[in-house]
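A, B, C, D and E are the chain letters, set down in written order, and residue numbers restart from 1 in every chain.
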Amino acid sequence: MLDAAKSQAPLVQVRGLKMYFPIYTGLMRRHTGDVKAVDGVSFDIMPGETLGLVGESGCGKSTVGRALLRLYEITDGSVVINGTDVASLGPEDLRKARPQMQMVFQDPQASLNPRMTLADIIGEPLNEHTDWNADRKLARIYELMDAVGLNRRFANRFPHEFSGGQRQRIGIARALALNPRFIVCDEPIAALDVSIQAQVVNLLEDLQEKLGLTYLFISHDLSMVRHIADRVAVMYLGRIAELSPRDALYARPLHPYAEALLSAVPEPDPSRAQTRNRIVLQGDVPSPANPPKGCNFCTRCPKVMDLCRSVKPDLVEVEPGRMVACHLYSSDSMTAGSTGATEAKERSQQGESL
Amino acid sequence: MLTYTIRRLLLAIPTLLFISLIIFLLVDFAPGSPMSQIPLTIPTEVRLKMIEALGANEPVYVRYLLWLKQFFWVEPLVMLDGIFGTNWSEGMQRIVSWQSRSPVMDIIWQRLPQTLTVVGSAYVVGVLIALPIGIYSAYRQYSWFDQVGTFFAMIGFSVPTFFTGVVLILVFSVNLGWFPSIYDTSLRVRDWDTFLLQVKQMAMPVAVLALYNAAQISRYMRSSMLENLGQDYVRTARAKGMPERVVVLKHVLRNSLIPVVTVIALGIPSIFGGAIITEQVFKVNGLGALLINAIQGSDLPMVQTLTFIFAVLIVLFNLIADILYGLLDPRIRYD
Amino acid sequence: MADGAAPVLDVRGLKTVFRTRGGEVHAVNSVSFHLNPGELLGVVGESGSGKSVTMMSLIGLLPSPPADVRAGSVMLGGRDLLKISAEELREVRGAKVGFVFQDPMTSLNPVFTVGDQIMEPLIRHMGMTKTQAKQRAAELLALVGIPDAAARLKSYPHQFSGGMRQRVMIAIALACDPDVLIADEPTTALDVTIQAQILELVKELRTKLGMAIVWITHDLGVIAGIADRVMVMYGGQVVEQAPVKELFSNPQHPYTRALLKTIPSLTGAREDRLQVIEGQPPILIGAPSACPFRARCVHAFARCEAENPERRAIDGRAVGQGHDVACHWSAGGGDV
Amino acid sequence: MTDTSVIEKPRNQWADVWAQFKTHKGAVIGLAVFIGLVFFVSLGPFIWTKDPTYINPNAAEMIKTRNKPPSWEFPLGTDQLGRDMLARMMKGGQVSIAVGMVAMSISILLGTLVGVMAGYFKRLDGPLMRLTDLFLALPLLPLLLVMVMLFRDPLARAMGPEGGTFLLIVFAIGVTSWMQAARIVRGEVLALKEREFVLAARSIGTPPRRMILRHILPNVVSPIMVSATLGIASAIITESALSFLGLGFPPDFPTWGRLLFDGVDYIQQYPERVMWPGIAISLTVLSVNYIGDGLRDALDPRIRGR
Amino acid sequence: ERGSDGNVKILYSQAVSIMNAYLSGGTKDIEVGSLVLEPLAGYDSKGEIFPRLAAEIPTLANGGVSADQTSITWKLQPGILWADGTPFTSADVVFSYEYCTHPEGGCAQGAKYEGIASVEALDDLTVKVTFTGPKPNPYTAFVGATSPIIQKAQFEACIGAAAPTCTEANFAPIGTGPFRVTDFKVNDTVELEANPNYRHADKPKFATVSVKGGGDAAGAARAVMETGEFDYAWNTQINPELQAQMNAGGKGKFVSGFGTLVERIEMNMTDPSPSLPEGERSTTKHPHPILSDIRVRKALSMAIDRGLLVEVGYGEAGRVTCNLVPAPEAWASDNTDCVNQDMEGAKALLDEAGWTVGANGIREKDGVPLKLLYQTSVNPVRQDFQALVKSWWNELGVDVELKAVDAGVFFGGDPGSPDTFQKFYADVEMYANNFDGTDPEAYLSNYLCDKAPRPETQWQGENVNRFCDPAYDELVRTFAASTDPTERQGIAKKLNDMLTKDSYTIVPLVHRGRLSAHSNSLGGVDLNVWDTELWNVEDWHRVQ
């Protein structure tokens, strides 16, 4: 599956995606500002690839995911999925386009309607997009339940009768119902127990292999992202700080924020944990309604420079396949070319097939 | 908060104008005539003359515009005159009741005290009874106290006040002779004795109305308490070693009161609406009696003015409830 | 740590059941552990294994009904917390034992200021006046690393970020200089960077204040970083207990082993598939008569079905002091 | 996880609901009482065949049967015109229960509709809530008078005087009592809209109509249930107030509310006259309330599972 | 001695809205107003006229009434003072006339001053009223509580369109009566005190009067008869059982008196069918398909047992009557044909009229069922009557549909409403009516053909059953021209019979009395049905 990706065009192409939530204040409810949840994000996802998206809470990860599926009306930019610009489709065309892109949600409890049975939930997309008869639908529902490893006997149970992991399987089955090509997984494991997280991640990987799916995998569990993603985008306050192939990133993060983020992950090995050199960031993330003038990270960056406080760095390729938005690397950015990017991608993909 | 308030107030103006128009048309359109209470011995021609003298023959839009002017311009001026002793409103025509030929506003002012004392204190008493009952019912959910409370609340809903009122009169006025069955509106509280008299004559109507109010509010209180008792912060408070009294009456209550207070605020306009049946049973002659009298007598200016004031109060207290919510709950911010 | 010193907290044979419509849920089943002065005991286990219920049983925080603390003793400062009156117990809560809960978003009362909430236990337990309490509250806030503490006392919880709220919770728990601090998954709801801040804070406070801490988590990484000793719980029971390094290097119970394998590493070699523990956690209805892990255990054999294993020391020291495990298989019953 | 051999028959949801409902003692008693009442008023007249409006045309006879205390001939006594109270209670119950149920349904329907629309469609929120304000402020009596004036005759022509009046009354009560329900439902919907499963449905492309029907409505049943219970009581009482004002059923047509109202005049001499309808109304309201409680729990799969 | 008996408390179940009888016409307003304002003469409890402010009653005999009956000259009692101490003069009398007859004043008592050419003050104590023609009954203007004398000084600025704006004067008029207003609360209470300038030095006995209004008749009766909170309750019309029970309480007494009020059923002579186009419904264009036949009307009347109605509805406060004019005795016909119920006769009559009993016991003729809509206003007694009458008519084979309309709408006369008694969109309707004073001329003139309400008159008019008989019209004209009392009485009886026993367009049921209650400690009550009930309040006193 990976070899095929080489020559193909990206399945998902995001350019300058901006998602502002307007703030209205004053007597006349005038539009006085925006929550800049996503502020100019661009990336590609190749068919069959998994792009990890990590970052702190509130940095805009979910918003990116939702905007991609046009669950929000985006402020600016384009989202081309499989050749169609999702951002500008009319309601009916959008409805028709929905089957190819689906979503798995963070909270398996909240994302399932408590008053619908499992069969209803998984069957709902079929009701929306097919005119199959009940038998055929039921057959498909059983098929999906088999695929995600749910016992067929559960078809008439309600979500609350399942464990967290099973609920997440239901959510995945629902997303798979219409044979999508692209799935946004919005923290699908965050609410699950460690022992169950692994089950779900394995399931997602198996399905990707079997069905040739493409994932945008949103998470703040960096070790899990390392496991599943091919490339990883690190977001901070509505912008991408670094977008690198997985191994390169974990071996040597370039952006100071990526570095801090990685170092903050607790190490499940007492001998190493005690000796590890942690970068503890001070303070909180600034409000996306009022981001800093320069680099978004300048308020907490241990390596902050004067330039950072006044000029926003662009996301540029500093090494083959590695893009960073940081002034520390701005001098190098001139030399990096577009060919380097494709090279890097090849490398990373080869790296994955280890 | 301030801009929010002002904004809502400004928005209320077109709403109220629209409501006033609807009320005006509706009341006007309803059948009935101001002459219905006059004995049949008075001949038709005289009746027609009387109607003419009332100005009831004018086309409806003329009366509406006149009424608007009177309500929003003349009456406020009169009120200012009353306060500052000026005479800006001199010679202006006020809204006049067809029944008594006196300015509607004067009558309303006259009625307000007894309505506020009786219906108002019934509301207060109702709330005061309801809160502890609701709190305790929730704290001991499914206990016998809770069950009995539920039972009585339901009875409170389902038994009409014309029934409870008469029963109280029979028991406490006729048989025991404890309380008067008729409310004396001209009683002035001057000393201890008159105060006692006042309390006595208020006892029964207040009890009837309070029962009804308490039944309703205690339900709200109970469910709100139940919701909050399950919250995490309650556990935190207990973990701090706070006594149950503090946990329930400070931490939980304060949170539970937020929605209840707004419910209570939303109920306040109904005080000004008076209690039609109870007022009639005990002859309190408050605003409720005024309204029902005016409706029965087709005293349109009175009905229109009263209902419009009522509408203003409803819109106002909706706003107050929202603002209260914002004030009581630090999480809510209006801007 | 100091093995000889008397433990500050000594729990023996704790049993807690919930009476539900479906039957009695044995959420905590004969749990014994102790806590030495200045020690940090990590408690791990998957969701529903009884970690929170155990800790809340100690100081009577469980609502009763449905909860019922059946048996056992909880010795703290020479008294058995299960025997004393409700009023006495309230004197212990907050004063001798501080509690930090998992969800900082909902654990603080939204309508009172942070200052009020910190001052409450100070006034109640330490008998401080309002002004004294206020001053102390500001100190506490500063202690947990909130800048401009005096001014922030007037803030409401919603004006704080999650990490700051958890600091406030810690400040409340620390307010009366408790002997024992119980932290129930204090960082689970937080971001990694914030979690790192909190962990640093706790390490620092430990050295500064020297109290004993129970730290509940299901993140083994966190445990590895800060704990002295670890207790693994499963199905309402303690299945393994050992000093932290010992546990990671020489896990005995199949559950512990599986648990250690499920987490992908940040640094190690990347595996193709993650290890999983198949199956579901046990339903704890009815008194346990078999090993709770048997259904998911790859090593299960007949005895596991017949008999609930006792905790047993494996390094020669007394149970609870060194490394002990509750398993028939690792005792050599199975594959030897 | 993989044994697919035994496939459970699709369970009948209503069987589950019933099973849960049965565990609620109050609800079961309430249901029994309510069914008893319904049988009493609907089947009773077939057993007790006295005409509730029958007055003995023979004056001498009639005088003798006035104001009778309960006896074998008149189990609940007679009224001041010698009409059989038992028959009147049954006939009155038919109307009162029907009015209560239908008027409540209308008000709940309207309230839910407005509440859902206002909560779900942001643009409609303002106008609909102002409409609610308007209805809260509308004076009930003139409104009723206008409605009666406009619609009574056409309706009576179309459906007969009683059918027409019934429709008018239930509609009038319904139309003037939906506001509370609307407010509550709106609040619930606003909260539900933020839940992830609504988002999930949107990502599937579920159109608003089905979104509301399938995802929103089933999740607001419990507040609706509560206002429904209260609605029945107030509808029954309001009906009596309407007949008192001459806006209700023909005057010889008994309803519980009306019997109660008429009985109040005789409360001193014949207290049982008010007790019968009073007890009947309270029983209805209480039983419906407990049924509502039980149903609310039974309809919630989360509670049902426990 | 004046004021020696302290306070007396009076309860009116309808509250007082104004003290000026000229602006209201409501009985309660007129009666309470009569505590303050007085006419020149009034009627006593026997219906006989007696002087109040006048020195004597002008008659033909004493020359006060001119021989041609075109004028009457009132001599005022000298020395009478208004409550404010100013003298009462003929100017006030003239002013009262001007006040009420001002075209823009909307005076409710305009009828009292009808047919008057002028009112002039001959001197300070003499007033001459000149009529436009001979007036057999000259005692209308200034006689009875409905046309009291108001003080010119107080009301001068309140004439015409300004009348309603004088709130102060309307609520607390200065009068010559035994009391004066100290506090007035609209539709609630009136507080009064003894008038220091009242012409009888030793009256009134009570120092103060409190008049409370509102509530219902049963509550009012209870307050006097059972709790003893009030001394006098007006119009305590309650069911006979309750009357009996309250009487047994021993705290007070009911007093009753019979005026001219008759509860009756009116037969619609025109077709009220809703299938007729609006504007033709219930008009003389279409005679009533069923009730046009006198035999049907008569049968319906015969089927009614009036004795039972009285017993059920009124007890002591009602009498069986077959007359529209039941009193005064001299004017009342001796018609008693309806007193006994005659069900069989009624049935026979219907058979004779061709209405044969059909399948379900309902009579029909030419396939048309005998079905009637029977409407009245909302009132418990009326609803009982409806039920009873319905049961008799059912027995007769008549299908009856009942309807009760809110009194405000029923009597409101709103041309837009289908439910007014004048529009009469029903087959039969029941209500009560009476006439003022003792002379029924105006009352009987109501049934002239052209007084039928119809679209052209905006559905106004008193001839609600659309009775139309040229002979009746003719006789009414004779009546108006006649001045001889005995002849007039004869004509009145004839007219009464034409409406009742000769045509059965009006089916009288009950001659209704006034029923009021007073406590045992209140003395001097003498119920007057011809004038205000409070006519002799100055003589009321406390009995120990």
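The rule is simple: a contact is a pair of C-beta atoms (placed from the backbone, for glycine too) under 8 Å apart; a residue touches a chain by one contact, two chains touch by 3 or more.
By chain, UniProt protein names: A = ATP-binding cassette domain-containing protein; B, D = ABC transporter permease; C = ABC transporter ATP-binding protein.
Not measured: the values here are computed from a predicted model.
**Q** Using the touch definition from the top, list the chains contacting both chain A and chain B (ABC transporter permease).
**A** Chains in contact with chain A as well as chain B (ABC transporter permease): C, D.
**Q** Determine which of the two chain pairs, A-C or D-E, is joined by the larger number of C-beta pairs in contact.
**A** Greater number of contacting C-beta pairs: A-C.
**Q** For chain B (ABC transporter permease) versus chain D (ABC transporter permease), what separation do you get between their C-alpha means, in angstrom?
**A** 26
**Q** Mind checking the centre-to-centre distance between chain B (ABC transporter permease) and chain C? Centres are C-alpha means, answer in whole Å.
**A** Going by mean C-alpha positions, chain B (ABC transporter permease) sits 55 Å from chain C.
**Q** Using mean C-alpha positions as chain centres, tell me how far chain B (ABC transporter permease) is from chain E in Å, no decimals.
**A** Chain B (ABC transporter permease) and chain E have C-alpha centres separated by 37 Å.
**Q** Round to the nearest whole Å and give the separation of the Cα centres of chain C and chain D (ABC transporter permease).
**A** Result: the chain centres lie 53 Å from each other.
**Q** Could you list the positions in chain B (ABC transporter permease) whose residues touch two or more of the other chains?
**A** 29, 31-32, 174, 295
**Q** Taking the complex as given, what residues does chain B (ABC transporter permease) use to touch chain A?
**A** 3, 6-7, 10, 335
**Q** Mind listing the chain E positions that touch chain D (ABC transporter permease) in their complex?
**A** Where chain E meets chain D (ABC transporter permease), its residues are 218, 238-239, 241-242, 245, 274, 305, 307-308, 311-312, 341, 343, 377-378, 380, 383-384, 386-388, 390-392, 394-395, 401-407, 409-410, 416-419.
**Q** Which of the residues in chain C come into contact with chain A in the complex?
**A** For this pair, the touching residues of chain C are 46-47, 161-164, 191-197, 199-200, 218-225, 244-245, 248-249, 258-260, 262-267, 270-271, 273-278, 280-281.
**Q** Using the touch definition up top, name the residues of chain B (ABC transporter permease) that touch chain E in the complex.
**A** The contact residues of chain B (ABC transporter permease) facing chain E are 29, 31-33, 35-54, 93, 96-97, 99-103, 106-107, 110-111, 169, 173-174, 177, 180-182, 184-186, 279-283, 285, 289-290, 293, 295-298.
**Q** In their complex, what parts of chain D (ABC transporter permease) are in touch with chain A?
**A** Going through chain D (ABC transporter permease), the ones touching chain A are 1-4, 6-8, 10-11, 13, 195-197, 199-207, 210, 214-215, 218-219, 299-302, 304-305.
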